[in-house]
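Before any comments, here is the structure.
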Amino acid sequence: MKAFNDIADFSQEQISALLELANRLNENPEPQALSGKVLALLFLSPSLRTLASFQAAMTRLGGGAFVISPDMSIHGLETRPGIVMDGVAAEHIREAVPVIASYGDAIGIRAFAERKDLQKDLDDVEYRSLIELIDTPYVNMESAAAHPCQNLADWKTLDDLGIPANGGKFVLSWAFHPKALPLAVPASTLQMAAQRGMDVTVLRPEGFGLPEQVMAKAKKAAAASGGSVRESEDRQEAMQGAHVIYAKSWSSIAHYGDKIADQKHREQYVDWCVDEPWFAPAETDCRFMHCLPVRRGVVVSEAVLDGPRSVVIHEARNRMLAQMAVLHQMLGGAS
Amino acid sequence: MKAFNDIADFSQEQISALLELANRLNENPEPQALSGKVLALLFLSPSLRTLASFQAAMTRLGGGAFVISPDMSIHGLETRPGIVMDGVAAEHIREAVPVIASYGDAIGIRAFAERKDLQKDLDDVEYRSLIELIDTPYVNMESAAAHPCQNLADWKTLDDLGIPANGGKFVLSWAFHPKALPLAVPASTLQMAAQRGMDVTVLRPEGFGLPEQVMAKAKKAAAASGGSVRESEDRQEAMQGAHVIYAKSWSSIAHYGDKIADQKHREQYVDWCVDEPWFAPAETDCRFMHCLPVRRGVVVSEAVLDGPRSVVIHEARNRMLAQMAVLHQMLGGAS
Amino acid sequence: MKAFNDIADFSQEQISALLELANRLNENPEPQALSGKVLALLFLSPSLRTLASFQAAMTRLGGGAFVISPDMSIHGLETRPGIVMDGVAAEHIREAVPVIASYGDAIGIRAFAERKDLQKDLDDVEYRSLIELIDTPYVNMESAAAHPCQNLADWKTLDDLGIPANGGKFVLSWAFHPKALPLAVPASTLQMAAQRGMDVTVLRPEGFGLPEQVMAKAKKAAAASGGSVRESEDRQEAMQGAHVIYAKSWSSIAHYGDKIADQKHREQYVDWCVDEPWFAPAETDCRFMHCLPVRRGVVVSEAVLDGPRSVVIHEARNRMLAQMAVLHQMLGGAS
């Protein structure tokens, strides 16, 4: 595997193989599989789970990782092309990225959306400009458009819990959040559930529909997998028979890049906080998923988050296991 | 071993076994003992020795560690229970701690005293609320009430130097410091020396007596070990025949949580800086101990700190060796 | 090897042996060579390549590293001797450095020039005061006067590219930069090229001559190696037949420690930005070298930096390989 870039790049068979490997590595550790192998981790955006789980994954396989993030004791990084660097930044990303990559057998890169130009973010222009600089195998640790490590971990979580693929009902619900958040997680989570063959409903208030490009991609995946993708503003209807609700806040594409307009628009929906009554029409053991970090009492009630429906810690631990499988395949651990 | 939480939880025999293991690992390294094993390190308070020595300890045993600290490129962490998270913090400790723990085979946690409510700190309420969130084996890397890694390292240092257990005279002396410091080190150092069977004198000026709860616990340990615990304000008398003076500043419990009153009270005792004349009544080769960091010319004179009495670097190196033994036992290194 | 301190401390034979080892470790990895071995990394100055490449080097050899830098969650470090520490800093370098070193089998230290007193910096007084505190083997990760890891990597790069030693023409050129930069890289790069037996021209504008002490040391090395060292202000003449131009900005020693005077002086030479026309008198395939970070459009044009002459990423990757050889020799990896 040369790149782990987008869950959409992988077939159901490839994903099954990765998840079998993840389970096998959990049950039968291979602490020498990647000995002497190095994973470079470049964080251009903040992280907790990704930072921790990738380092832990490499250690469990006998290799190691190093972390570069812009808040560390490094020279500032310039990203603008064609600039005369007579200001604060002492180094350009055009040197920094290939250099960092050259020390690793693979590189993980995190670069969140700029959230100025929707099309640019949907096309992952900034992230793609970074990976064009390198020959090293790479892992997308969350870009503007995708978060495949989260998707693979969530797929594993759904499998672990015995939630059906075909016939499984997956509700991706917008939730309130004080800030306008990126589209990477909702877009790629929708894609993941559609690829898995689930019946997916995107539940969101007026003005928070996901971009056409995202919906079309997911619908295509659903058509191939025997799943379906639809949208709803009606909570009661959307939650009918649901096996899982995956909560996530995201920006309004109607106001993309305009924080004030987005803020004004979203404040109408401060009551979109997932709470126990939401589950009334759902399956009895309907689960609550979230990629974390999550704001308690804002995105989800304490009762739900601390209750038996919540599988958020399970999801987070699966990040490590899913990434171990990806790294094992990418870095050629003996299987 | 499921937890390394408080030196008081361990018998003399258990401590001897740990220190024998520490010596053995120093002389006969086991660079594969913990291969593939991960230690999660969560620092909610600053660190140098602990940060470095735990990472080094894991590497020496063939495993690895990752570090999460609040100054890193992570989302802010909320600690208040039951809060609606509509402010700055994007993640609650109730998710962050279990997630971080889930990536490790063990977790080390550092969380200093809040120093608002004495009883709460003595009962280690905040630290206990964190470890209640996890099932993973854990190590106390300094809480409000205890610093067992320092205690084990200091016990080893006393052994290394041939300072007698029963019959050894240990002076724990308050020293001046511009800030009101936590009780964890003095309280648990007193406990350690008492458990080791030493004759311990707590030397401190008026108003700096250690809490009743701390003194009572140490006296109980001394009664069982054949040691003794007493207090004194008289330097000459306290230092009579001493084998070691362990200097440390701490808050006045009379003014706990009141920085200004504490400051005013402590400023009378700016001359409590350990200096060569202090040692006149002591054993000729009486040693100077301190957990570091130490303020030169404030807590101790340069002459003493740079002279032959000082064993502070020896103590600090023993942190790594003591922790290697703890981790080896906790994470099941073959012995 | 007890210290890797200055490229001048090593003979051509010793350097050849190190570079052969670097090549061997690149082709035939030894992922167990340093298992259980620890490298302590102390950064008193910022870093990207050094930070990443040393951690990667240790992982590739089966050991590990830990990083301490002043921007981390540690107590502030005091460096002044004989001070009463009643201010902000809670720890003195006299404890911190020996403690950090005590956790490693070797320690790397980075401490840039203070750039107040030229002679002090040329004599590496601050760095030498740090290494006097330790017994552990150590690596200079860039001091006021030297950057031997960069020098060894650059020597390897010249070898890799087949650039002749005796008879090879090496131009070390001053370049414009908005800030007054240290002398460590230009001084030790000059030394490296002279030791390698090359014909070295230091090309710089009026007022930017390197210190007498630096020139004399390099001339002595050239005399022994069959190389030569000269200076020039004439770009055309200096570049005649050049095999490589190594660009670097540095402070004017005429204004050392006086930022404003240096600024005023250097601003005359804002056109000293290496660009394609510079190469007209040189060998056709004359290479462009730089230690990075480099300011695009200021030190070097984008055309040169992104073009086929530039070997800056190759140099940077060689940092890791060169350091692997040093660490392998220093930490006793079986050879």
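The first chain written gets the first letter, and so on, giving A, B and C; residue counts start at 1 in each chain.
Simple rule for what comes next: a residue touches a chain if its C-beta (ideal position, glycine included) is under 8 Å from a C-beta of that chain, and two chains touch if they have at least 3 such contacts.
From a predicted model like this one, the values you see are computed outputs, not experimental measurements.
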{"item": "Rotation in the CA alignment of subunit B with subunit C, degrees, nearest 5", "value": "120"}
{"item": "Same-site or different-site touching of subunit A by its copy subunit C, using the half cut", "value": "different"}
{"item": "Inter-centroid spacing, subunit C versus subunit A (mean Cα positions, whole Å)", "value": "40"}
{"item": "Sequence positions of subunit B contacting 2 or more other chains", "value": "64, 72"}
{"item": "Touch list for subunit A against partner subunit B, complex", "value": "29-32, 43, 45-49, 51-53, 55-56, 58-62, 64, 69-72, 178, 292-298, 302, 305-306, 312-313, 316-317, 320"}
{"item": "Residues of subunit A that touch subunit C when the two form their complex", "value": "35-38, 40, 63-66, 68, 72-75, 78, 82-86, 90-92, 94-96, 98-100, 102-104"}
